[in-house]
Amino acid sequence: MNEPVLEIKGLDVDYGVGAEAVHAVQDVHLTLHRGEVLGLAGESGSGKSTLAYGLTRLLPPPGVIRGGEVIYHPDDGEPYDVLQLTPKQLRDFRWAETSIVFQGAMNSLNPVHKVSTQLMDVIKAHDPRSTRASRLARARELLRLVGIAADRLDAYPHQLSGGMRQRVMIAMALALEPRVVIMDEPTTALDVVMQRQILAQLVELRERLGFSVLFITHDLSLLVEFSDRIAIMYGGRIVEQARGVDLYRDALHPYSDGLLHSFPALRGPRRELTGIPGSPPDQRSLPLGCAFAPRCPHAFEPCAGHVPVLGAPADRDDTTRTVACWLHPAEDDATATLSLS
Amino acid sequence: MRYLLQRLGFYVFTAWAAVTINFFIPRLIPGDPVQSLITKNQGNLSADAIQSLYVLFGLDKNESLITQYFHYWAQLFRGDLGLSFTFFPTPVTSVIGDSLPWTIILVGITTVVGFLIGTSLGVVAGWKRGSWVDGLLPVTTFLSSVPYFWLGLIAITLLAGPGSFFPSSGGYDPGLVPGWDGTFIGSAVQHSLLPALTILISSMGSWILGMRNMMVTVASEDYITVAHAKGLKERRVMVSYAARNALLPSVSGFALALGFIVGGTLLVEIVFSYPGVGYELFQAVGSQDYPLMQGIFLIITLSVLVANLLADVAYLVLDPRTRKEG
Amino acid sequence: MAEENTVATEQAVADREAAPATAGAAAPDDVVLEASGLTKHFAVRKRGRDLLTGTKRSVRAVDDVDLVLRRGRVTALVGESGSGKSTVARLLAQLYPRTGGDIRLHGKSVTVKGGKAFRAYCRQVQMIFQDPFASLNPVHTVRYHLTRALKIHDRAGEDVEQALHDLLTRVQLTPPERYVDKFPHELSGGQRQRVAIARALGADPEALLADEPVSMLDVSIRLGVLNLLRDLKERLHLAILYITHDIASARYFADDTLVMYAGRMVEGGDSETVTQSPAHPYTRLLIESAPDPDRLDPGTGKEPGEVPEEKGAGEPPSLIAPPSGCRFHPRCPAAMQRCETDLPPRFEVDDSPGHWAACWLYDSAVTP
Amino acid sequence: MALPAADFKAVAPLPAEAIAGPAAKRRRFRFLTGGKTLTGLIVLAFFVVIAIIGPWIAPFDPSARSNDLLESPSGKHWFGTTHLGQDIFSQVIVGTRSVMLVGLTAGIVATILAVLVGVTSGYLGGSAGEGLSALSNVFLVIPALPLIIIIGTALPSGGDYLVAVIIGFTSWAWGARILRAQTLSLRRREYVEAARASGESTWRIIFFEILPNLTAVIASSFVGTVVFAVMSEITLAFVGVSSFSEWNWGTILFWAQSQQALAQGAWWWFVPAGLAIAILGTALSLLNFGIDEFVSPRLRSGGKTKAKNAAGKTVRLRVGFTPVLGREKP
Amino acid sequence: GGGSANAGGGNAAAVLNVGMPNGPQAENNNPFLETSAAASLGYRYVIYEPLVMLNRVKPQDPGKPWLATKWDWSDNYKKLVLTIRDGVKFSDGTPMTAEDVAYTFQLLRDNKALNIDSVPYKDITPSGNQVTLAFDSSQFVNQVKILQTIVVPKHIWSTIKDPTTDTVKNPVGTGPYTLKSFTPQTITVSQRTGYWQEAPKVKEIRYTSYNDNNAQVSALTSGAAEWSFVFIPNYKTVYVNKDPQHYKLWFPAQLAVHGLWFNTEKAPWNNATLRQAINKVINRDDIFNQGEAGYFYPKNDQATGIPSPAGDPFIAPQYKGQTVKVDVAAAKAQLTGAGFKLNGNQLVDPAGKPVTLKLSVPSGWSDYITDLEIIKDNLAQIGITATVDKMNQDAWTKSVDTGDFEGVLHWTNDGATPYDMYRDVMDGNRYKPTGQGGINGNYGRYKNDAATAALQTYANAADDASRATAMATLQQIMISEQPMIPLMAANSGGEYSTRNWTGWPDENNQYGPAQPTLRNALDIVLHLKPAA
């Protein structure tokens, strides 16, 4: 369970070049383990999508990757850096090893092609020698996997409901049985009933197929329930990373804490909701120190001048979690870069 | 079903309105065909001829405009467009029949080819922003801003002339009889090269630009990113995902262009002395040949409508979202 | 209220006294807006076949909805996407003509289509739209939006600038000078939503119809807007209709909660009761589906798959040909024979006063 | 005029303390600073200036005959002379006014019509809207140029304005169609609904809520019409059917053509006017680029399409393959 | 069509290429219709032949007997006896007889639409090889029109339902050529057998219609067209110098003029002195050289306005050799004498109003516009402010028709004598008041009873002497009243190339005007010989 499958090291992603550049993702270290669901949360604009697209080099212009490594550990063979692949290698890598379900399935399907065409497309691209019949059979099977009748193969995207489209996308993501599935807010546009249906299906599929999921959302309550680990992003950096339960019970970073006190709970006693005052930082010119410092109720002098390093907090006896906050400085900067043993 | 009925209703209405306008507008011109025939002949036709020409053209009976209008419709329903004055007594249908194929073949083919080439270049320009094709844009913009006739005349001066491969005028070698034989077709093709080339050059710019912009817009759609993420071949993403969607808005523009083939060829035909409908129309206007003018307008109107219908159908075929179920 | 009077509210009070609507003694004083039997059917395009058979088809977006908005109370309307929540709000705002039913403002039945009467109605009932990114005109400044709101309803008084500042202060956009001359794109989502609310307040209404005012916002910003609404309710004693499909927020911010399914009200009552002990099977489904951080371990506790797949998983029903009887019966785990044929009326649920459900399970005549 | 009116909002003073203000303003005007748009504007401004002062700076009376018959360009006659010894340079300069006048007037007329018909039919919907839409479709079906020729022939004689009005009246349909489509989509926008819900009257909604959002589209269709009008005017003059007496570039080309200038070897008679048209047309197209990019931010080429990576090599920013620049190793 | 038509190609030497700038043609070979392709390109005259071949360049020359061997006028030109040639066969082999001639005249008489010259035919009686035509009035001035009539076969035309709307797909005439092929662009006629005279050397004539003057001129310069009638600006550079040895043109004057007309009903243009003065300041040389490219409409500075040399025999002895010369001083003196005043640069009429002149012209007529620009400059010399008002052709035609103008350039009819021309200028019988349309000549609304009477006399006089007197009267009125200012003669010429064919008419051999669309074209074709 603890073998890494995808290691992000020091990833820097900008929009634009030069002085106008927006530093959307900065020095991100994150490891995805085999078979786990890693939740990535953070408020709107914190760089979650950018991170997800960046690690597969799918950012549209003016996005550029300024540096870092994305090490992929295949089942067999040596780990390699995804960012160094040639276009040809990258194309082969994509979807076969890492697939993505995008924010808003409404727009992820090509409106002019049938669902079957789009499903079979991807199989053909990675296995040119497959026959049409075998591809069709596979497409059928995939749809069944996500609970859609096979007669919908000939439907066009607009003929499907939002939930069905989202499930088609999940089916497509699983078409090549990748090791990693990245999901960028796959359920935001759906209502809760549908959302739960899809997530239940996903959990079940993961158990069967054993892929790892990077699950992006800003709905923390959803993550707490579904993911093994949660990473919180703020201002382009990971500010905290811990197991869901730990985070929910005892968030170390003031931002995580604020987030957790921003949504009401449906059950149990009414909690006090504090919210997070202030507004998100301008990523064109981030504050010198901790990006959250201007909004932080606990900010003190090192915060403004020095960027806190992500590392296991010295004040907690817990190696499974890391945090980047001067309130909980890392015990050893050297360990900070390697997240878990 | 209902959609089609609605469209049909629209077409019928538009056709009626256009034909009505086409009927009345030529009659607003002062003077009449006889006067203008006399004037055109500048003395070679004696003024004494006026009376006999009135009788000849049947203009001596004083019908009211409304009566003429109803007669015109009655005539139309019989498939009769009347007799041309300029070529009296040749029926308008045969005048148009002589010239229409030339226009359709020359301008039709160049419009289609221009659209294909322009769109393809646009696809590449939009897809590979910053590449050399994209760098072509200012040049094509300039070329499409040059008045067509000017470009044509310069082309004739520079490229055509005695001894040149390009003939400077006409649709085929004088002395040839139109027919489906090699000599004639070869000559027709040779004569159409220069006009075709100039039409291409001046029309391609807008196709390139339109397609490029659509490509840029479409390229940032999510499904394109998904297609990349799926590891599809670059070509496949470009053609089957991006271009296929970017093409949709161009379809109606293309249909409109097809419809205006007939109407928009005046200058081509004047400059290259090409035997087509545009020049015929110009002549008809010059000599107040109402029947011919109306006939050509009818053709133009119909072709625009048919092109629109084609666009509707093409849209229905190309964009599954517009197809209604049930 | 007396302590918090501002210039605008004083004026409003004067207006209210002058308004003939208040003279209606029929309704209890605190009921501001009341709808009964509200129905809206949207005509759909005919298909070729229907032209022949002459059948008329329509989307029955809202059917027979009763609803009461009281002064100083927030009423939440929850339900899944497409259940007709926005349609109810628009009907209440008189933006759609209704197919049937009655809307009473201070006990007086009103039907307005446009012009003066519509304006007079707007003065008392204002609507806030779902999407803060779409409901402000990108070419106008905050000043324009708010000035218009004041001017239309002649609430500006002598000093427009002062009134503007009051409005902005009331929605906690302080200091006002920093915001008045901004364009919408220069504001954050929460700030925009506040401007939208300020605009609605500009008319100094008595009832505020808030159609999913926070669904597009980030959790942290969302909270600010909701707190603001609650604050408005408390300070200005507005009657607020809060539409959402986030049932947890309904629990926190609304006094009463109504649940809608496929164009019909299926349950209603005091928020805490409805969310903590839901009566109608649909409400239960809704609440079970909502993400809940307290279901901590995905492996243990309540399995996400616990929601009965076959029944609950169904698609929302077609509103063109809605299921007969109870509209939820095709998906209902507890469906009975009669659910398929008979439309359930409102039944009192005895766990708390005012709690009702439109479900045969609560038919006291059958279940003792 | 050609400066998109969409930007009046940017002119509204922003308070000094609004930090985002100047930056936002700069960003909004950025489409003007793009090389293309700026070039277009400068060239257009040049022609406008010539149009205004042309008659004063022309060295000769453009109609005056002289004894320098059909001379090639020289210090005295920069663009040479005609068969009557008229100075072609003066003709081009003086002719600019008519071209600009007709282009702009026709553009204004057509734009007003397009806005009236398009926006009204889009906003009203129902049978009135359908009727107006049918009207614009009829005008779309009728071929404009032949129609202009006929109407031009029908009117005995008239100045530039008449020609402009005719062109304007026959070329609004396309703009109306686009505006109608835009209005139809704007009408469904929530801010329009919101304005209605807050009690705004219909005309205020059309003029203050919808129209300002259409300015970019209107501006770009205005520029398009101006191009069309200029081309039409020149074509009319070239085929010899227009009835106006003033000089314009088309008239020059008409004379060149009827005197068979190219056959006579008098290229100077032909080239300047044609180039002037092409340059004006290009300038207007460039301006249209700018407006298009303004309307659809995705077309903005303001962002670079190339970047340098750590090794100093240029890499293209392309969809699907984000470039990895690499960090300069310390 | 068919493939065979394009095979062969033909020996260049046997083919004559004619071009006209008339645009695409529709298949219509009806010789009586001016709208037919046959008329527009001129091939009707190599298929159908006239009774008599007359030479427009020398109207006083007797005609060449053609289908008629003799024509005798009697009864003061009220009766004409035509003797028809024997042995002439139509191209279908049927012999041509007096019946056919009589039928042709009947056709014209019975179909007003075909009688384009409005000749009042009355009794037509064939007998033997003679046809007798009787008229109610003297046909002295119509002689030419009647004698030039082309003859069509009765056996074919009598079966045509409506000769005015028949396109005569298969033209059958007595001429040496028959229609070989028709395309909208090129019409080919080829020689037939059994022509009554010596067969022409030209085996085939191709008539190509070009869309405009430019195309026509480049066809001429490239040699693709060998014979045409088209305006060539700067003809030396553009055309002749391309091959000075072979490329020729000859544009002899005919008996019609182009001139400056005034609406003589509008003040101050009703003042003859003013018109005379204007006559003295217009620079006809400039007009000829710059406006008419030095050849197109021959310069006409005869005081009587009668073009030379065609009209020379008609000029009264006292006016022989009198030409108009530019004399600004004289013009000024004349004006001052008549009560006009020159205020600085502005002429003021006796009524005290400044004299301005609006010259109307169709906007596309570049030579007329050029001419008027010159006139405008000339008039400035005597203080008249003229403006050239370009309008579209139809509006112009209408304004000429209704007299709604101050000054225009316009032409007159032509004829075998100056009668037709003078009648157009000053026939009181054709007068219509300003504002009334449908005028047929006398565009200047000129009324002068003496002139009207003289025209009457000329047309109906029984003897040549009274005709000469009447003609002298007309000339005197023309000079003293100047109802219109003749500037140039109408032309009937053409451009031709001597590279393949020689024998064309020219200055030294004026046997007919070199225009390919006139009756004389047949005569010319018969004269052509292959170049050595």
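Things to note:
Residue numbering begins at 1 within each chain, and the chains themselves are lettered A, B, C, D and E in the order written.
Criterion: a contact is a pair of C-beta atoms (placed from the backbone, for glycine too) under 8 Å apart; a residue touches a chain by one contact, two chains touch by 3 or more.
A quick note: this is a predicted structure, and the numbers were derived from the prediction, not measured.
Between chain A and chain E, the least number of touching-chain steps is 2. Between chain C and chain E, the least number of touch steps comes to 2. Looking at which of C-D and B-D shares more C-beta pairs in contact, the answer is the pair B-D. Rounded to whole angstrom, the centroid-to-centroid distance between chain A and chain B, based on C-alpha atoms, equals 54 Å.
Centre-to-centre separation between chain D and chain E, using Cα means, comes to 49 Å.
Among the residues of chain B, those in touch with two or more other chains are 29-30, 129, 219-220, 225, 227-228, 234, 270, 286. Within chain D, the positions touching two or more other chains are listed as 153-154, 156, 239, 241, 257, 305, 317-321.
Each of the following residues of chain E touches two or more other chains: 218, 221, 393-395, 398. Looking at the complex, you find that chain A touches chain B at residues 53, 56, 58, 60-61, 87, 90-96, 99-100, 102-104, 107-114, 121-122, 125-126, 156, 158-159, 172. Taken in their complex, chain C has these residues touching chain D: 93, 95, 114, 118-119, 122-123, 126-127, 129-131, 134-141, 148-149, 152-153, 177-178, 181-183, 185-186, 196, 199-200, 202-203. If you check the complex, the residues on chain A that touch chain D are 12, 16-17, 53-54, 57-67, 83-84, 87, 90. Contact residues on chain E toward chain D in their complex (touch as defined above): 213-214, 217-218, 221, 232-234, 237-238, 290, 363-364, 366, 370, 373-374, 377, 388-395, 398-399. Looking at the complex, you find that chain D touches chain A at residues 303-305, 307-308, 310, 317-327.
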